[in-house]
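You will see chain A twice below: alongside chain B first, and alongside chain C after that.
Moving on, here comes the complex of A and B:
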């Protein structure tokens, strides 16, 4: 433990928070991404406009800005609502984890929507028509034909988004969440061993992303086999 | 499953409300990364002058203290949006900040001082004590952005190249690697963050600077009009009056933080 100069436990906690935040944001973000991708493919004009606006705004603004916006904005919005409800000035502060996860999910959703839309575009019309010709209902066609194909085609891009998300978690340190990067900075400042702790941070991020690259690779292989 | 999610959601949403119901806790924002005022040791425990001071205030007010670590840039917005109720963040009292928050009485007088490497020589001040920007032509001054020192250098040392930093440790690291030639920050921080860590390598240059630009010192901030201000002031004053302040001061600094209280 001497290599960590006593900071091993704190950094482990940081890694844990990074993983938890990333996984929670992934699960909410993928739902947002799917919904927005469907909106963008919608034949109704106003739904399409909404979907396009979402991805344009999210992909066109810095993630940091969105995180701060959600953190302060949500507090003000919820408190205003609560004040109206109760009838006097009330302040409710959502836990930082909630703000952080919402912000990262919203951002991930924007990028994932484009990846999923790409997967939808890659589904050959012939296969869908063939499914109809075989007498599959539109529901069966969606589950047995379209979704496996969309999954197969969007997985590489989604994997990319996922790696970016793992690294983006370092931004939530600005709203006072002490994830991996923040813990390493604290350790570096405390011990004045900057190079060592930044190297540790780099190594830990690389192992996290490396593990995920492997998982994505396995998923891609599996996606190619079935269907 | 649905029930479980609802219960979970309920607790997530109600946590702050439930916490508020207890009411008595004093929620304090602090930097947690600013030795020796407020930092964290390897056990995750908060230590430092401001931490001790706040704990003392808490015990005199009979209120439990809950610390919130906050990055400097979002410290005041977090205070105004009720993330915490008081901010002890070595915040200099300035007219501009007084429009956003109320300040307690000062618990540190503001003096700034230049720090640099042992071999650096320049006549920063003329013999009669006037700033001498010409001596720094071609040199780079490093300082923390959004601080009083930024205005000070801009008005007293016009034309000298300035590099802004987010964090003082990064600033000192860049002085070490030669990206900046000299730094300016509060005397106490230049001493504790730079010189005291490696007296063989670093030194003060020029005298202690007292300047109007540095304002009235460092105080704790509360929201505008918050009655908490009176409580904090009363506690601070009693800490200063009975000599506890001097004891806390000497625990962390070999010089006085409040020359008006003790020399």
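Moving on, here comes the complex of A and C:
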């Protein structure tokens, strides 16, 4: 692999770590998004205010700032706690994978909350009433009527959030997590072939997003068919 | 709060950097996007193909890759390094604006394309029946109708670009995020720094959203239902 100048293996590892980070952030982020979407729909005022504040702050702040904050913030917080515990000044940096995934999940949660909320608003009342009229329990109505409909309506927006998340994983290279972007930067610095390695990074991200555009299309097609 | 009071001059400078990156990026991106978006619909087949490549590349790769490719990548090419181009390409500000402009031009061209294609066929056919030229068709029928579809989507794009200016901090520029990073690692007080900086960004987003609401209401004719 002369084109990769001996960095092929490292970059492959980087791609793998990028995919793992993205999938982990997706799963935690969906949970956060669902919780915040429910908060935003809550009838209790203070819960709604909290949900609205969360999405406003997360969606109004650059992801890079949030990533840096989680990185520095967790270091300071954990070091302070550890210093109290041990009784003298100690310095602990949590693993970058942890702060990276936390930051990306928090951000994805904010965007996903809006997408899921949109899906919830799109559920026709008539369908839910029909489910009740047929004698479905609230549990059955949730699983057989509401969730498939919410899924169908929020999938296009969630798909866009997911594509943005894949691209955002490149930002955690800046807190020196060794994913695809970081590996390419290291390779570029090592060989001084900057353009080549950033082009490789671009190509790999492009294939990742392209593949996922295809997957999302398939899922959307399937979601429209059932029911 | 004292972090802000102590460093308010730095914050002011950083705010100016962020806003000028956004303004320059959006303005040049928009100038690029209009012809690209229109050529994507009206152009001959090879040109249409080129616009598709442009949109796919800049929308499918992270902005960070694009910034690094321009700042570090192009500087390494001899043709750039040993010509007049180097005077601009060695400036991180120029590279950041170029990356932002190319990035937003792809998204904006896509919005323009979508908006023009969503104009009801009947309206265009009516214009053709009246014998409108292609140019007149665009200026009198398609543009006003497409504008109303374009504005809300472009409003979100403007906010995305405001947040994207934070990536300029990775190539040595001191914008709001770059300053926040410096302050976080220097003062060891990430919490206050984050909340002050986030508050500034959220306020900017709020102002931009308001401005776009006003423009949108101006673009919609009064007393008509759409």
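In the analysis below, the second predicted complex is superposed on the first by the 215 of 227 C-alpha atoms of A that agree within 3 Å, B and C clash if a C-alpha of one lies under 4 Å from a C-alpha of the other, contacts with A are read in each partner's own complex, and residues count from 1 in each chain.
Assume a residue touches a chain if its C-beta (ideal position, glycine included) is under 8 Å from a C-beta of that chain, and two chains touch if they have at least 3 such contacts.
The shown structure was predicted, so the numbers you read here are calculated from the model rather than taken from an experiment.
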{"item": "Three-chain arrangement built on chain A, chain B and chain C clash or fit", "value": "clash"}
{"item": "Which of chain B and chain C A:9 touches, first, second, both or neither", "value": "first"}
{"item": "Which superposed partner A:185 touches (first chain B, second chain C, both, neither)", "value": "both"}
{"item": "Which of chain B and chain C A:175 touches, first, second, both or neither", "value": "first"}
{"item": "Touched partner set for A:91, first chain B, second chain C, both or neither", "value": "first"}
{"item": "Touching partner for A:28 - first (chain B), second (chain C), both, neither", "value": "neither"}
{"item": "Which of chain B and chain C A:50 touches, first, second, both or neither", "value": "neither"}
{"item": "Which superposed partner A:68 touches (first chain B, second chain C, both, neither)", "value": "both"}
{"item": "Clash with chain B, by chain C stretch, listed 80-88, 152-160 or 188-196", "value": "80-88"}
{"item": "Footprint overlap on chain A, where chain B in one structure and chain C in the other make contact", "value": "68, 72, 76, 173-174, 185, 188, 192, 194"}
{"item": "Chain A-touching residues of chain C, taken from the complex the two chains share", "value": "56-57, 60-66, 68-69, 72-77, 159, 163-167, 169-170, 176-177, 180-181, 184-185, 188-191, 193-194, 197-198, 201-202, 205-206"}
{"item": "Of chain A, residues touching chain B in the complex", "value": "5-7, 9-10, 13, 68, 71-72, 75-76, 79, 91-95, 98, 173-176, 178, 185-192, 194"}
{"item": "Residue ranges of chain A touching chain C (in the complex, touch as defined)", "value": "56-57, 59-65, 68-69, 72-73, 76, 167-168, 170-171, 173-174, 181, 185, 188, 192-195, 198-199, 201-202, 205-206, 209-210"}
{"item": "Partner chain A, residues of chain B touching it in the complex", "value": "12-13, 15-17, 20, 32-33, 35, 39-44, 68-71, 73-74, 77-78, 81-83, 167, 169, 173, 197"}
